[in-house]
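Structure incoming, see below.
Just so it is clear, A, B, C and D label the chains in written order, and each chain counts residues from 1 on its own.
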């Protein structure tokens, strides 16, 4: 028997697998037993309701999903009343994802959703900071720290900060989020990209740019998770291109304590169950007793340099 | 990505929607550019309803590697033989890949998905007006109506008689079929409108159902309002997840609160005709 | 007849197509007529000779090349004597690529290679800055500006700065390079990534991390080129995942004045000729007289927002 | 990526190396895990030399989409018929994809590449010692030697007699063939060393050539030094470009200036035996 539980700050999860925000919905309740998940993560909500981006909202490019959805949502009140209460029937911890355009607004929405039935707040800081030229919070260690600090002042719930791969210096932003009081870091959100229709001489997305997700991003985000895990002491939740148990294990080896699967839910709707089963089978096969033992277990001695070869030759 | 064995939920009642492997019985050209796909898929056939769709994982081929699934209306549900049928137009990478499937091959399908057509108790006559591949979507409605002893008249519009599909099939389930086409000039909207008015006024119609043409939709919206008849339209939009999670597939609708986006996959693909915008 | 020439600062190129540094070599002279290229770009050299990274140096991942080569080179003297003189037999402008660990060393190597036969200096600033904790120059607008300024003081040759996609704020770094005196910007170098062998619990590259290049990176770097082209007034040279004429045209539409093809040279060694021919055919078909008219020709009005639809409905 | 038509250089003299489409004549299993591929590729066959290799663009299949090319030694150059032959072991995605090719299919190959074997004037006897798929690489040397009236003795080592490939082919070009295998215990290095010493001392040898085994390489390095005979070894390393541009394929070598990396694709794949390090 493999112990599949993992500890993320104050919260213990039955297993390390959960959906990425915005890639999950009630529809999956018709497909699989949601109680098997490590946690349930809701789509991001914002202080004001949003209709979302102009159409078209997606284009596929090789192994990637390039989407510009624009966080359509009906605001915090509807979220607490309708969505959070729907998920109370399920046992896994329920994670609300929140975003806001200012530090104050972050604090307010955090307070607004800190209601029974919501166990954790994931902070989507990949959104424009209206106090700083619209540059995303996640690109800016200082803004990140301020936002997370304000949120932790406004809620007693554990706070996870979701970083952006578009920030140049991931470890610094990660440390800022930790300093602000985050209990865990989700690494990471989508990579900004664009696609152009050469014939039409037009962007392929209504929003011009979009977020790239899916398998194609894995090498870059896996590295980011590795780098971040080595620079903070709070747990890292890996998220980027995870489609299989093997991908999930790679993130754990790189230093993640849990993982989120996003785009794969659109392709194989029950993929998270396959990932859980595959991770367990891997541990069993390798004689690893606790899945949490995988965290950071990468043997990352560098390959031999020529000078070392010369000595050993 | 190697194909994981889909998790077939043991409990169909509890988990009615699922990923499953259908076995290709037939995948043949109907006419230039359209294929007819018959799948052995007992689990899907058991639960699918008229107007719903499946989300198909088109197989990667040497040339095409479709990443996302592709939505396809169910063209026919054969519960007796446990089969699902699709009628699809070959347009891009996904449908080209689909067209390479041969009898005996497996196809990963996910569904049944979406809100289909509704037949209210007491309705006696359904008038379907379909164009092109829209025929595929309306066909199961004809069969459903037949099961419930509701009379069906179907106006099928196509570019030319060769593109007139499923005429035979519709007649076989008891529909009265009127065909119009561009080649002989019978398909222009004014003529079709005249035909529809004739049927409504002479025979009475409880539901106007349509799919596949913007101009027909506009015309039927007006007539539905004018005559006070219910109308339903099946819409299409590019999709991501197919089950309401990603908000990729939205279209704008007229709602009581003004214009709003709704998800074609989860709130539709069949919508009340008065809410649809022309596109 | 399509006019295929483009102007990059002081230099006029016969066409906009050239190789990415490090993805080109004499070997191609046996494969195709190098005189057909817009320019020839040499592999980066450093002040001191280097053996390069430990083995293995490459792993492929879907549509990407993940490589850690480590800039093996024999230093500037060998470069001027052997490599630059070999390329003097060809007509396209010859671009040397240089890198260095300090601002001073950048200036010195720039002076050392400003020799007859070398027409342009491309500055690879994706290398660690030893004066600033080893953070790459390209991640830091200030260090970028200082390095480029020092180089332009030490050479009369046109200077192109090659940016990194790992910097969070590409426009700011781009403006810094422009302020330092760069005549053009190459956008961009490889994205840092890593790959892990879950079975072996080891990194797949000798160097642990590597640079991700090839088609998978196109959406991200295309966006970066688009963003940079709008924030500077010097030409942008697009580079990232370009394999076909269509890719090249997309970069031009996004704002690039020329393009570099990298990894594709490993897959289709004569790909650059196909790209040139394909761009010309596209212009002919579309009635575009000068390939340079493609630069920035993207029609990037946003899609209609719901509010606008409401008005027009 | 859709396959661009390779730019066939009009001028073979000026551009001897190129991308070309070979047509599969045969692609059959030789024994468990090894395939023999025969390609119609007149341009390649015209210029290829013993010890060189081609860089193959393994076709994407539904399951495998190899991104980089895969290097393969030329197993046989049939200039008369304009054919190239390869002998390959099926190990991963690329070779699995290769194994799906059928007669008549096209295969994009790039070459000929690298520095092959050198036969100096006046040499009279070549002793080849090969193991496993290393046989593939040495076979053209035997044919080259035969053309030049140089005598060849080949010691072939394999896991068991079933894995003994190309024995017939080597005999047919006039080589004297000695086979050893693990199954009957004849392939251990000490025995092979004794055999080599016997041949060198009894018949005289001008070149020791080897490929495919680290232990055989070490043994032959010593004997080459001891007897003062030239030695050449064909090496392998993971490759990117195949023509010396990317520095992916380096291995460490003993050089006059100490250890240094060299590119297997461009500086090799055949190297002087004394420079190779064991691996």
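Keep this in mind: contacts are C-beta pairs under 8 Å (C-beta built on N, C-alpha and C of every residue); 3 or more make two chains touch, one makes a residue touch a chain.
This one's a predicted model, so the numbers in the text were calculated from it and none came from an experiment.
S.K.: Please identify which chain has its centre, taken as the mean of its CA atoms, farthest from the centre of subunit C.
M.R.: Farthest by centroid: B.
S.K.: With centres defined as the mean C-alpha position, give me the subunit B-subunit D separation in Å.
M.R.: Here the centre of subunit D sits 58 Å away from the centre of subunit B.
S.K.: Between subunit C and subunit D, what's the gap in Å when you average each chain's C-alpha atoms?
M.R.: So the centre of subunit C lies 36 Å away from the centre of subunit D.
S.K.: Could you tell me the distance, in whole angstrom, between the mean C-alpha positions of subunit A and subunit C?
M.R.: 31
S.K.: Distance from the CA centroid of subunit B to that of subunit C, rounded to the nearest Å?
M.R.: Going by mean C-alpha positions, subunit B sits 48 Å from subunit C.
S.K.: For subunit C, which residues are shared contacts with two or more other chains?
M.R.: Touching at least two other chains: 51, 55-56, 61-64, 215, 306.
S.K.: Show the residues in subunit D shared as contacts by 2 or more other chains, in ascending order.
M.R.: Counting only residues that touch two or more other chains, subunit D contributes 2, 65, 260-261.
S.K.: Viewed as a graph of touching chains, is the assembly arranged as a line, ring, star, complete set, or other?
M.R.: Its topology is that of a complete graph.
S.K.: Would you tell me which residues of subunit D are touching subunit A in their complex?
M.R.: 252, 254, 258-261, 277
S.K.: Within their complex, state which residues of subunit D touch subunit C.
M.R.: Touch list, subunit D to subunit C: 1-2, 4, 6-7, 9, 15-19, 57, 65-69, 110, 237-238, 240-248, 250-251, 260-261, 266.
S.K.: Mind pulling up the subunit D residues that touch subunit B in the complex?
M.R.: Its residues touching subunit B are 2, 59-63, 65.
S.K.: In the complex of these two chains, what residues of subunit A are touching subunit C?
M.R.: Result: residues 51, 53-56, 61-64, 66, 135, 139, 166-169, 191-196, 198, 200-203, 205-210, 212, 215-216, 218-220, 222-223, 226, 246, 249-250, 253-254, 282, 297-300, 302-307 of subunit A touch subunit C.
S.K.: Can you name the residues of subunit C that touch subunit D in the complex?
M.R.: It comes out as residues 22-28, 30-33, 43, 51-52, 55-58, 60-65, 67, 69, 72, 214-215, 243-244, 265-271, 273-274.
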